[in-house]
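To keep things simple, chains are lettered A, B, C and D as they appear, and every chain counts its residues starting from 1.
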Amino acid sequence: MLQTKLRSLAPKNDVVSFLILAAILLVALPILFDIFRLNLIGKYLTFAFVALGLVLSWGLGGILSLGQGIFFGLGGYAMAMFLKLEASSPENTAIQSTPGIPDFMDWNQLTELPWFWEPFHSFGFTLFAIIALPTVFAYIIGAAMFKRRVGGVYFAIITQAIAAILTILIIGQQGFTGGVNGITDLRTLLGWDIRTDSAKYILYFINVILLLATLVVAQYIRKSKLGRLLVAMRDSEDRVRFSGYDVSNFKIFIFCIAGIFSSIGGAMFTLQVGFMSPSLIGIVPSIEMVIFAAVGGNLSIFGAIYGALIVNWAKTILSESYPELWLFAMGAMFIAVVLAFPKGLAGIYESYVQPWVDKKLKAIQDKKAKK
Amino acid sequence: MKKTISPSRPGTTRRTLLKGLAAIPAAMLLATSAYASDVNSTGLAVTDDTVTVGILHSATGTMAISETGSIQAEKLAIEQINASGGVLGRQIKYIQEDGASDWPTFAEKAKKLLVKDKVAAIMGCWTSASRKAVLPVMEQYNGMLFYPTFYEGLEQSPNVIYTGQEATQQILKGIDWAKKTKGAKKFFLLGSDYIWPRTSNKIARKHIEKLGLKVVGEEYYPLGHTQFNSVINKIKLKRPDVIFTTVVGGSNVAFYKQLNAAGIDLTKEKPLVLTLSVTEDEILGIGGENVEGLYASMKYFQSLPNDNNQAFVKAFKKRWGDDIVIGDVTQAAYLGPWLWKAAVEKAGSFDIDKIRKTLPGIELTTAPEGYVKVHPNHHLWSKSRIGHAKKDGQFDVVYESKELIEPNPFPKGYQ
Amino acid sequence: MYQQKDFVLTIEGLTVSFDGFKAVNDVSLYIEEQEIRVIIGPNGAGKTTVLDLICGRTSATAGSIKFKGKELTKLKEHEIVHAGVGRKFQNPSIYEDLTVFENLELSYPKGKKVWGALTFRRDQDVIDKVNEIAQMIFLQEKLNSPANLLSHGQKQWLEIGMLLIQDPELLMLDEPVAGMSVSERKQTAELLQRITKDRSVLVIEHDMHFVEEIADRVTVLHQGQVLSEGSMDKVQNDPKVIEVYLGH
Amino acid sequence: MFADYTWAELGSIFAMQGFSGLILFSVLLLMALGLAIIFGQMGVINMAHGEFMILGAYITYLTSNLFSTYIPELFGAYFFIAIIFAFIGTFLLGALVEWSLIRHLYKRPLDTLLATWGLSLILQQLYRTVFGPREVGVTLPDWMMGSFQVSEMIEVPVNGMIVMVITLFITVGVFLFLQKSRKGKQSRAVVQNRAMAGAVGIDTARVDRFTFALGCGIAGIAGATFTMIGSTGPTSGQLYIVDTFLVVVFGGAASLLGTIASAFSISQAQSIMEFFLSGSMAKVLTLLTVIVILMLRPQGLFSLKVRR
């Protein structure tokens, strides 16, 4: 079954899907919505990066991480640290007892910038860190676990615990991290004010283009032999191993990729929303990120993006009108996806919409042929 | 997309109230009000007979526990203002948004209220984290936020009015009192691990040391922590005269129950426990029997005997039910709409820039806590009080500062 | 006596215990080049465990396994595969979600590292080799059908094919004809005869007719120990073996 | 830090601290027992475990109100009735959840995780709608509140003692149940070999439902017990979930003895570290140690070395 599904996404279909998605994100949404809503959509799309990573690691590779917030946070904090340093120039912070360091450090009696903040003065380093930090982190977690063949449920629980630890640490070490408030009041990126409407437009487009690029990478990985290997590993890990593959390396690789995707999402989140806080790292947000992928369909990279968009959109709308319904709806979504629609939106599309479209197309072709 | 500017969830009681208000002859309102364009040059949601404000708190999530009281107080104030003729002759409508205990959501909703709904003011936020998230939005779109919670200070925004106490207002007199009245010499500082307790304890420590007294311990536990036996043992070992606590949320329940079980009877005051974080609201969850004998240092207690407060408590109970309790933050939230009304009427305009000019110096003689006045630093002059908790969950006010305490969000010498 | 260098696989004093229970106890086994060796024995004799030990799935408590002079007990599974040992499992273990072609392709000995897998291209060599193997395992018609649509016997062949494409010097098959029809069984026997031309084969099997058909030599395991060894005739007439098989 | 104290004082403090460790041990064990059955025996990841505990706590709250309103003279004994009610209530909900949700997912452990997380959200909102967003204060009879004065320094909290006794009782009960009773043997048989158990005439579906419901029922008892030391609110349950899972996983999922050992070592480590370090750091270090050990020894503390 699954196999035929995978097959049905023939390359031609993929190109069409990609063009449709690009048209929606780059043309339709910017025309339909004003900058306020568009900025919100941009925020939702940062979660689509995470969902994409989860499609690769969980959907394809069978590795369910309940700690993707860790990586989202790493990217987000790296970007936030850079922006915060830029916002904390000695002129801007002249009233502090130690000008030139972020305000929350000053409140916590720090009199000089901690060493690990120093490199974040450099934008180049920050971009490097957004990729390198999650890679290193994911590699350490992945190597420790996969080399010892810890997987499945245990992996999920341990990643969740790591997310919990990271949250406690960030909140507790507020002099270095901004604590529970997070890093707020970010203003400019290399002198460019990111709070203006025009900047928000530009950031939205940068975000979408990055997302589409990420999608291409994800699609490449999925279509490569490595992608098939991941599917094979889920079917029969031993067979892969006894075909001469070091299974753990492949798992580590895909986990790192998922981490990098999340981290890029986090960085874009910081840029578009204007702050980063531990509330995006812990257990609850990390599990919510899983539902984005699950609703979209954990095997479909396009589904991941639509899933992130739709779930977040529903959250905004529902919580505007019926705040108490939101948790019920969210809970029901988890259960429905598991029980009734294990392939999520993508599955619904494939089993209901696509046959219908195909039938119509065929009917049109037949008509033409008759003429 | 919802673009209406009607209250998003009017309760039935509210509906009847509105109906009643609609009966006030429009002509009478018009007689006292200037045309919308005159009082509103920046395109806020002001019509000839209405003005819209936003209420932004968590109705869901972990913080809903704390923020419910503020929502109720703000609604009550708005209804009372409407019943007394509104602001510049205009009835206040409100749009309530749910921050869902999630800081990005707070920022998003604040932006919606300012950009989409063009509200003339926002009553909202509770935690510092939500305020910090909302702050850049308020400053960018030039809104005015009335923030009710007592907090750590270290902030002063042209777009925020802080109607709760900043840390020095709440702490210094409390410690003075413990020294003078109770002869306290040794303090143990205990808090949840985040910015407010840490900042508060820092100020407390400096002040304690300035007074020549001693801090014998300082401990922090993660938010939501429920095991306090170890720290209670440490407290027993150090034998402080005062346990000075800033533990918040669910941890409170665990802390006081375990304190009690470990044989530290609060009524015996050995050591006495002085808290900044337990109001009447929290006691509902902790249970009055667990905190009997506790001292709390804040500016307002439900049991304040003055006439303003008697009327306020009565109105609040009438509106929200007899078994409701009113804590410090709830009262501060109640001040928000009234301060805003006074500032608007003094300015003769809803324009944010104009009310910003009139706000400093605005005074309320009708405040439940007594007289308050807005300081140029956007905080309120207010009194310090110490309450002594009773078994029924109410406080006896055992101390009240004679004069109003000046707010000092950036206290020199305490940083 | 045997000359050491003639052996592809030398197992000596191999022992493994699970919480004190010795599943394999001091087993020694010598397999020559191009030999087909069949291991038989009652259930729980430790047959599968011996294969597990050779291919690194289980680690030995004591003893040594030398393959072409290389000690295997210290290597990881994929390293043992690269050394030239291939293993088929008792239950056909193939990738149900992939096609026959993809199943074989994944076993093709190229692109076995992460980077190699990412940049792997399906060139003519791969296609030729897959076709060649498919023909050998009677599946050339099924190349593009999903593996989960194959019959049980075809799945067994596919797994053998996945081993063959790696061209191992030692092929280990755990019950290759279990669940096969009579005709399939015959085809499998032919297949085995053909593919042992340039390699050694170690087979676990219960089906005595099939064993007779293919075995050069037979080893009987009982309670984790070697009970008897030699030609089929010799083993069948060994009183110890008769005792074990009939005594129960 | 101890220079200013006499040996007697230090001795007392260490005795007290040891006792705190024991209370923490009881708390962790009681939290984990229900999950050890559900996760360890059945392989179901019940993320709503904390919500089942809170249901037990709410039932205790309701029972206390019932007693104080209708039979105040028996208020002193209400707690034990409440525990029974809590067990029954959560047991029934557990059976319902198994029937409607879990039984469809036995082959898909990761999916049970997602589905039960969804369930936990729904339960949280349900509690909020029914009981309000505020924590409720559960009033305890006076005799359960105080402490025994052993010496001048040493005081033994009554509620801690009760927690320990209940934990002991439940642990022994679960142990005897699994080892001795017919139902328990059936449930273990189903875990070990479902097909075979079915073949010898065990109604596996019923046994599954019973086992799951039992785990939930024990969670309910835990929740009822924790009203003595913790808070009862719609989201209180979430606080327990990470700790609970780590205890079970650390112990080696399939072993009851492992769960006990793991609860003991985690509680002692945390309690000792809390005494010498600050609270937050102690928590982080404890969790970190557990995770590092799990990475080195993924099968947990206790587990049989099995043939694969």
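Methods note: contacts are C-beta pairs under 8 Å (C-beta built on N, C-alpha and C of every residue); 3 or more make two chains touch, one makes a residue touch a chain.
Nothing here was measured: the structure is a model prediction, and the numbers come from that model.
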Farthest-lying chain, centroid of Cα atoms versus that of chain C: B
Pair of chains joined by more contacts [C-beta pairs], A-B or B-D: B-D
Chain centre separation in whole Å, for chain D relative to chain C (CA means): 48
Inter-centroid spacing, chain B versus chain A (mean Cα positions, whole Å): 36
Centroid spacing, where centroids are CA-atom means, of chain A and chain C in whole angstrom: 44
Residues of chain C touching at least two other chains: 57
Residues within chain B bordering two or more other chains: 59-60, 193, 220, 222
Contacts with two or more other chains, residues of chain A listed in rising order: 168, 171-172, 324, 327
Sites on chain B touched by chain A in the complex: 1-2, 8, 59-60, 97-98, 100, 102-105, 107-108, 111-112, 115-116, 127-129, 132-133, 135-137, 140, 152, 154, 193-195, 198-199, 202, 220, 222-223, 410, 415
Chain A-facing residues of chain D, complex: 43, 45, 101, 104-105, 108-111, 113-115, 117-122, 124-125, 128-129, 238, 241-242, 245-246, 249, 280-281, 283-284, 287-288, 290-291, 294-296, 298
Residues of chain D that touch chain B when the two form their complex: 5, 9, 13, 16-17, 19-20, 23-24, 27, 125, 128, 132-140, 145-147, 149, 153, 155, 157-160, 226, 228-233, 235-236, 239, 270-271, 274-275, 278-280, 282-283
Residues of chain B that touch chain D when the two form their complex: 59-62, 64-65, 68, 193, 219-222, 224-227, 229-234, 236-237, 250-254, 257-258, 260-263, 281, 283-290
Residues of chain A touching chain C in the complex: 2-4, 6-7, 221, 224-226, 228-229, 231-232, 234-236, 238-247, 249-250, 253
